[in-house]
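Two complexes are shown next, each including subunit A; its partner changes from subunit B in the first to subunit C in the second.
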Partner chain A sequence: MGASLLEVRDLAIEIADWEPVKDVSFEVAGGECVAIVGETGSGKTLTCRAITGMLRRRGGSVVRGSARFDGIDLLTLTERQWLEVRGRRISLVPQSSMAGLDPIMRVGRQLEETIRFIAPADDPRKRARELLDHVHMARADEVLRLYPHELSGGMRQRIMIAFALVGRPELIVADEPTTALDVTLQRNILRLLKELQAETALSVILVTHDLGVVEEVADSVTIMYAGRVVEAGPAAKVLGAPAHPYTCALLAARPLTVGPGEELLAIPGLPPGPADRASGCPFAPRCARAQARCDEAVPQLETVDDLPGHLAACWLARSGDDAA
Partner chain B sequence: MTLLEALGVEVTYPGQAVPALHPLDLVVEEGAAIGIVGESGSGKTTLGRALIGALSPSGGEVRVQGRSWSEIRRTDPQRRSVQMIFQDPYSSLNPHMTARQTVAEAIRHWYGVTRGESRRRAEQLLADVGLPGAAIDRRPDRLSGGQCQRVGIARALACEPRVLVADEPTSSLDVSVQAQILNLLRSLRRTRALALVVISHDLGVIRYLTDRAVVMRSGAVVEQGETERIFAAPRHPYTRALVDAIPGRTGFARALEPAPRAMDPNP
Partner chain C sequence: MSALERPLARLRPWPASRWVGIALLGSVALASIVIPVVSHYSTDAIDVPLQAPSGAHPFGTDNVGRDVFVRTFAAGRIDLLLAIVVVASSALVGTLIGTVAGASRRRAVDALIMRVVDAIIAFPFIVLVLGLVVVIGPTVRWGFIPAGLPSTGLALVFISWAFYARIARAEALSLRERDYVVAARTLGYTQARIVTRHLMPSTIRICTAFAVGHVIVVVAIVASLAFLGSGVQPPTPEWGSLMHDGSSLLQIAWWITVLPGVVLVITGLGLSLIADSILRERSN
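Take a look at the complex of A and B:
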């Protein structure tokens, strides 16, 4: 794993007088797969939009922070400058694989058009076939002649990954790439991402709500709750010895983790919405271990157990407190 | 006592050459909890629809306490003894009705009680399923996904069913909310002596809620048995593939295998 390719510092996003993303920081090293985990409204998708230059289309704006990618501050790029970065150095694999495809144009023509625009090749058709091969699409020639609606969900998701690879990017941002897929297909797509990452030293940001997926493919993980990072670190460490009560609760809420007859430990209540503007830790109202100070001030991310890289934002996870 | 029974149920949709469901038998006894597992296109939702009488099978029949759906009239009590909750709780509710109105309507429809009485009972049911008091006069657009699912469950319970068919009851919910709904379904099974039929692609959900499970693929059953046994020692290769594909169970991050090729482009 190389030096930091992307470094996001204190990113805050505002939409209509509300800050759905507050002071988010994380890093992605060259060749690393970083998972961003969060539930609906945690700010994970907005964060991805900010680092792919697609935030303005959603009416949001960055109010604080920086996102440095190989020396470029992504947050200050103009739309024209983004054309040099998006698709060429950073690609997005969207959640809904249908959204990115033109329904009335054959897949092959769309892919060739993208190749001509992003990374012209002598023979765009040959390059398109190569890309489908790269994502392990069987019968590539046949698939290139199909329309988007003729593709199965798994095929569509492979095609979207092929599109993302056109410009040979250094970073792929995949927003819930497998959420709509069956488990066996999900496994294949995750494997593919992992394989591409290993083969081409590609960095991947994988947005997901599934901790099982994190366990399978991520090197490190950033857990978000209500627009803030609550825990981050090496995936094995965060999942194996979680320090934040929210991470603990997410792990305990997975039905597969309990034995026969045991009860799931559900997290009571709901994540805060735009109207909730508490002054303390955003998770405190649902936290089984909350104390008076949790309602008073927001805890900052701090190193857990003196292990560099494992961070948690919890008053109780600090040294001297029982964090188990 | 047998509450619900599928006898050689077969479904072929109009204009389709291949049946969506090959002849299949299924028995739901009192208090049982049965899981139907499968991926997209396995026929599990078609089976669910046949079980609740929303779809007439092309062959065979579904019997509710011994009577075929085709003989049961709209007003027969057997009609209400099988209820369903849905994958997308938001779109399964009437957007113009509050939580309380939704449940009260079901009560009035079946029991012909006064408006006041139905409202009072609805309030009680919504409290039983854990809907916060502040939410009971809200319409679906002001409820969270988990709250909408609670309203859907209360509406089903309003009919005092014996069998609850749950089609992907937690697929659209966040992890932290999913566990709340799973626990609610489990406790309802106990407190209301409900039999459950849970349809899901999520083996974790099936394992948590059911005692027996049926694994389906391409409209046919490939394996059935005790849920725990199916997890611990799957017999059919397809079941084994499904169990192995659960993320986080095996962790292939370390042992890289070549990714298999995409499925046939012309299924």
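Take a look at the complex of A and C:
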């Protein structure tokens, strides 16, 4: 693992007088797979938008913080400068593979058009084939002649990954790439991402809310809640010995942990919305172990158990209690 | 069905009404192509005036003794050809303008184009067409194109594109937020490329259902204009002017007006059946 390729520091995003992302920091090393985990509305997607320069499109703006990618300050790039980075050095794999493909253009023609535009090859057709082989697409020649609606969801998602690879990027941001797929396909797609990452020293940011997925493919994990990072660290540490009650609750809520016939464990309540501006820890109202001080001030991210790299933002984890 | 098999939707049989429509329209079109070529009479050869329909003159003769049968189908050539040209050019121009408006990043461009569209659509259609024909000049002729055709065609295209623009813009507005269009834009594709390669093929498809219905309107308007004397000018045969010629003689020579009218109705019915079956298929 090399030095840090992407370094996000204290990123805060504002939309219409509300900060859905507050002081988010994380790092992605060269060739590393970082998972960002959190429930809907926790700011995962907005964070991805910010580091791919597509925040303005959603009416948001970065109000604090920095995001440096290989020495480039991503937050100050103009739209023109972004063209040099997006698709060429940082690629995005979207959530829905159906909307990502032009429904009335054959897959091959679309892929060739993108190749000509982003990374011209001597023989775009051959390069398109190579890319499909790269993502293990069966019957690649046939697939190139088909329209997107003639493909299954899994095939389309593989094609989306092929599109992301066109410009030979150093970083792929995969925003819930498997949400629209069924469980067996999810594994296949994620293994593919993992494999590509290992083969080409690619860095991957994997946004997901499936902790099982994280365990399998991620090197490190960042857990987000209500726009803040609540826990971060190497995947094995965070999932094996979670320090934040929210992470514990997420792990406990996994279907795997429950036997047949037993009730699934859910976290009571809902995450805070724009109207909630409590001064304390945002998770305190739903936390089983909340104490008086949890409502008073927001805990900062601090090293857990003197393990470098494993951070948690919880008063309880800090006091040295055995949080798990 | 495996994912690689092509869906069978395209092979679903067409409804009977569409086949009837195609048969009606097809027979008028075929007759218009063939009859003026094979007939013994030309469109302005003179015989005994006001003969009733007979074996020699299936539709009779008019007040100067011209064969109404051959004139009706010679008129069919003009009417159908004009309708096709008008519909194709206004669909193309309108879809392009509407797609550009819908895809434009500058809202002012969109607003400006759409206010022009609103203004055109707000006028009563036939009045505006008549006015434009007068402005262009009802007797203007281009080379071998008969007098009245350029003015009628231009006036119709000038107004009709607005309807296509409205349909295309609505479609473009929803398409521009689709991921593949956003992706094209964020990768730096030019606006012209996005509009022509990725948006137009979709928007023009949406417009085709309207286009079939539009053909009927154009045929009716072309005939109406000629009936009123502002359309295709005599001696060029045209359905509306044929009917107008016979209208004062309706009591003594009904065939001059009624028989071209019947051909016009058959054309309209055929087009309606086709348009209706397409719309029904789209709505399912």
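Note that in this section the second predicted complex is superposed on the first by the 315 of 324 C-alpha atoms of A that agree within 3 Å, B and C clash if a C-alpha of one lies under 4 Å from a C-alpha of the other, contacts with A are read in each partner's own complex, and residues count from 1 in each chain.
The rule we apply is simple: contacts are C-beta pairs under 8 Å (C-beta built on N, C-alpha and C of every residue); 3 or more make two chains touch, one makes a residue touch a chain.
Keep in mind that what you see is a predicted model, and the values were worked out from it rather than measured.
In the superposition on chain A, A:Glu113 makes contact with subunit C only, while subunit B stays out of contact range. When the two complexes are overlaid on their common chain A, residue A:Ala162 makes contact with neither subunit B nor subunit C.
Of the two partner chains, subunit B is the only one that A:Leu265 touches; subunit C does not reach it. Touch criterion met: A:Gly100 reaches subunit C, while subunit B stays clear of it. Of the two partner chains placed by the overlay, only subunit C lies in contact with A:Arg86; subunit B stays clear of it. Of the two partner chains placed around the shared chain by superposition, subunit B and subunit C are both touched by A:Arg139. Which of subunit B and subunit C touches more residues of subunit A: that partner is B.
In the superposition on chain A, A:Met54 contacts subunit C only, with no contact to subunit B. Residue contacts after overlaying the shared chain place A:Leu151 against subunit B and subunit C alike.
Shared contact residues on subunit A (touching subunit B in one structure, subunit C in the other): 139, 142-143, 146, 150-152, 155.
Taken together, the subunit A residues at the contact with subunit B in this complex read 39-40, 135-139, 142-143, 146, 150-155, 158, 182-188, 190-192, 194-195, 198, 209-218, 249-250, 253-256, 258, 260, 263-268, 270-271, 286.
For subunit B in complex with subunit A, the touching residues are 39-40, 144-147, 174-180, 182-183, 186, 201-205, 207-208, 228, 241-242, 244-253, 256-267. In the complex of the two chains, the subunit C residues touching subunit A come out as 3-4, 6-7, 178-180, 182-183, 186-189, 197-198, 201-202, 205. Of all residues in subunit A, only 52-54, 57, 82-83, 86-87, 94, 96, 99-105, 113-114, 117-118, 139, 142-143, 146, 149-152, 155, 163 touch subunit C in the complex they form.
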